[in-house]
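Shared between the two complexes below is chain A, which has chain B as its partner in the first and chain C in the second.
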Partner chain A sequence: MSKLYVARNPRAAARSLDGEMMIMSARDSTLFTLNKTATILWQSADGNTPLDEIVTQRICPEFDIEPGVALKDAEDLARELASHEIMQVSDAPIAASASSPTTQRNPPTGNAQ
Partner chain B sequence: MPTLTEREQLSLLIEIGGLAVRVNTTDPGFLRLLQDRYAGYVGGPDRALSAAEVEFDIELVQPGLGDPDADVCLTYREGRWSLERGDFVAEWEPAKRRGWIRQSNNPYSIDAVLRIVHTLLLAQRGGLLLHSASAVRNGRAFLFAGVSGAGKTTISRLAPADTTLLTDEISYVRKSDNDYIAFGTPFTGEMAKLGENISAPVAALYLLAQGSENRIDPVSPGDAVRSLLANVLFFAEDQDLVQAVFHSAFEFVSRVPVQRLTFVPDSRVWELIK
Partner chain C sequence: MSQLMLEMSNKALARNVPLSAQIDVTYRCNERCVHCYLDHEDHGEMTTAEIKHLLDEMAEAGVFILTFSGGEIFVRKDFFELLEYARQLTFCVKLKTNAILIREQEAARLRDLAIESIQISIYSHRPEVHDAITLVAGSLKRSVDAIRFLKAQGLKVVIANVLMTSNMQDYQGVRALAAELGVECTLDPTITPMMDGNRSTLQLGVDQKALRQVFRDESLIGDADEFCAIPAKADEDTLDSIPCSAGHSACYVSPYGDVFPCVQFPLPTGNVRQQRFIDIWRHSDRMNEVRSIRLKDLTTCTSCTHVSNCTRCPGLAFMEGNMRGPSSQDCEKSFVRTGVASANMLLKQQRAAANLVQIQALPAFATA
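Moving on, here comes the complex of A and B:
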């Protein structure tokens, strides 16, 4: 099975506040609040470290989770974030990346008045 | 769209939040309609028309252009903003500070254009347009945010006599050196009453909730940012501006107390707001 690489999309706005990492998609203004696992993934997504290495070396030591399950979860998460253009996923290393991930969404923009 | 000639042009300066927009029309009736609609926000004789951030030529067309309840489409291409809704089409070239609006003779279309333009102007300046009522009491501004039905109009109606309403619907907030300033707006909600054209430093943002008692509860910084962003009016899918609004929300929360205000619909709630 080929390696998967993940990178933060520099176009996404990201900020940590009081221990919470929040990311906003520049494409559709979707707001993500990352859980602890997703925050580790986001912070580790440098474009050069394979996803399985991120999972085994940085996520699994922090949580009591089976590596295969963690890798599947991380891959699903990375692909979801990629669908909002806040993370890049590739089966080759990704050059020049910047920072992101997860679970809660808010529609932050207003509607026409 | 052809520009209006000097001879036939009638102009008006509409100044909201200290940012002026000049509108040009050839229709005296439409000019009067705008003067009435934006009474209190129309630049006085001491304000030069050249002070405008943006200048729009308005082309009036027959009614029936389209559905005013349609979604706004806002795009930026080759240095030009295009704004479109069922009932209007507009363009704006920021570098030239010029634009045009095509709409029928009504106050609602241009009102929507002004709201959109101000969201863009504010985003570039660290400010925000918020779905919230706001009022000044004892020289300080209080914002009351919430979706429709949360109580913006109710709390505005309950305001005591020593309170000045800035808006019952759309709050206008600009960043100052070390704090935020709330301005009155002509953007109205159910009360259909223009806010007073004054400003004051923002003392607090309250997230409205209706309940069985009046009380103020703390809100975590994360919840404050999420709630604030959920109430920001912003239309552009523009990377730089989305980032600007995102970071402005964090900046706001770092400087302004954000709390949850639960209230029963009677005037005693204002005893908590001083």
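Moving on, here comes the complex of A and C:
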């Protein structure tokens, strides 16, 4: 089975509010909020780390969930987010500058302490 | 506002997070609109580095919706550099501009940067009216050309039509122009006093007769009976609510780094050149005073018929002398809309009557 890679779409706007991501699609300004699991997926989606690695190393340790189930859920979620153009999914690593002239910085988490 | 955005706003309010902010990057402008409240001289604008630092701080503080305005934003040579930096920080970026410096190339760059929306001021569909307000010949054509360039790039454009006596009869023409261009159109009859307190610009605003015409125009307000209905008596929950988002989940920063609750609320609460943005937001006594005010705390307005659905602007009230007091412009709007005088208007009438000097008969000339 081939690896799946996920990356935040740099055209989306995003900010963390109390641990949950708000994301606005650049396509139609639709606003989405991600729960804490999906937020980890979003924040880990650097285009280089395979999805199964994100699931086993970052999601499963946080939540009591079986890796196979978590991976299936994460794949479904990533494809849904991709359909709204707020995430990119590929079977090869995704370059940071894909679909944007700007170089994507690591988005701040917000809510300064 | 979508239901989800409303939920996020409420969450930001509960967590004391500044969800949205406006930065005026300059007060300089290439138009000289007759009603403008700004001093267009540059008194020491923030540098590129200072604005980038502020953007870092705002992102860290949780600002999501960032509006760049002015003055005219595109007169800053570094404006695209600032935009690019803001988008790298994943802000949802909105722009307010007269757009006369936007050509095909600039429109394409804005598309590449995934700018959420661009609000453009259009005062009339007729050049002789629009250009007489901006005091720049050819400005309507250039702004409309810019709208076409932006639309060709698939960007969201909103026409902002400020209503004054001089363009009052043209708002339907502007709406027709917006429809032809395929963009949204908003109408605003509010004229703001100048920043130095000079209220002379208010004379340019529409009178009650014109306002009544707007408030009865169902193409603008929907069901006129519903829009103009006298509101129900305010309940406890309403009186416990906040007057608006200024200082609660929104704020404004001037080109000089001064932080205010809102662009229309000139109460200085700190300066980002001296303090961290988040410290001003959280700890400024003035910001916290604004934040403490509920509808039940308002002088005069609490007992007013209109309190539950008045458009009262705390900033305009502040400019009248009391942030807890009424905003006369909004009293007038409520009166014109419903036909019922506001508590503030009734109080003024009582005071005027009490202040009348009674004319006494002259004493009779003494006779020898």
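To be clear about the criterion, the second predicted complex is superposed on the first by the 96 of 113 C-alpha atoms of A that agree within 3 Å, B and C clash if a C-alpha of one lies under 4 Å from a C-alpha of the other, contacts with A are read in each partner's own complex, and residues count from 1 in each chain.
Operating definition for what follows: a contact is a pair of C-beta atoms (placed from the backbone, for glycine too) under 8 Å apart; a residue touches a chain by one contact, two chains touch by 3 or more.
Just so you know, these numbers come straight off a predicted model, no measurement behind them.
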Counting only touches as set out at the top, which of chain B and chain C does A:33 meet: first, second, both, neither?
-> both
Which holds for A:22: it touches chain B only (first), chain C only (second), both, or neither?
-> both
Which superposed partner A:13 touches (first chain B, second chain C, both, neither) = both
Who does A:72 touch here: chain B (first), chain C (second), both, or neither?
-> neither
Which chain A residues lie in the overlap of the chain B contact set and the chain C contact set?
-> 11, 13, 15, 17-18, 22, 24, 26, 29, 31, 33, 104, 107-108, 110-112
In the complex formed with chain A, which residues of chain C make contact?
-> 2, 4-5, 7-8, 11-12, 15, 17, 19, 56-57, 59-64, 84, 87-93, 112-114, 116-117, 156, 278
Residues on chain A engaged by chain B in the complex (per definition of touch) = 11, 13, 15, 17-18, 20, 22, 24-29, 31, 33, 104, 106-113
For chain B, which residues count as touching chain A in their complex?
-> 69-72, 85, 111-112, 115, 119, 129, 131, 170, 187, 220-222, 225-226, 229-235, 237-239, 242-243, 245-247, 250, 253
List of chain A residues in touch with chain C within their complex = 10-18, 22, 24, 26, 29, 31-33, 100-105, 107-108, 110-112
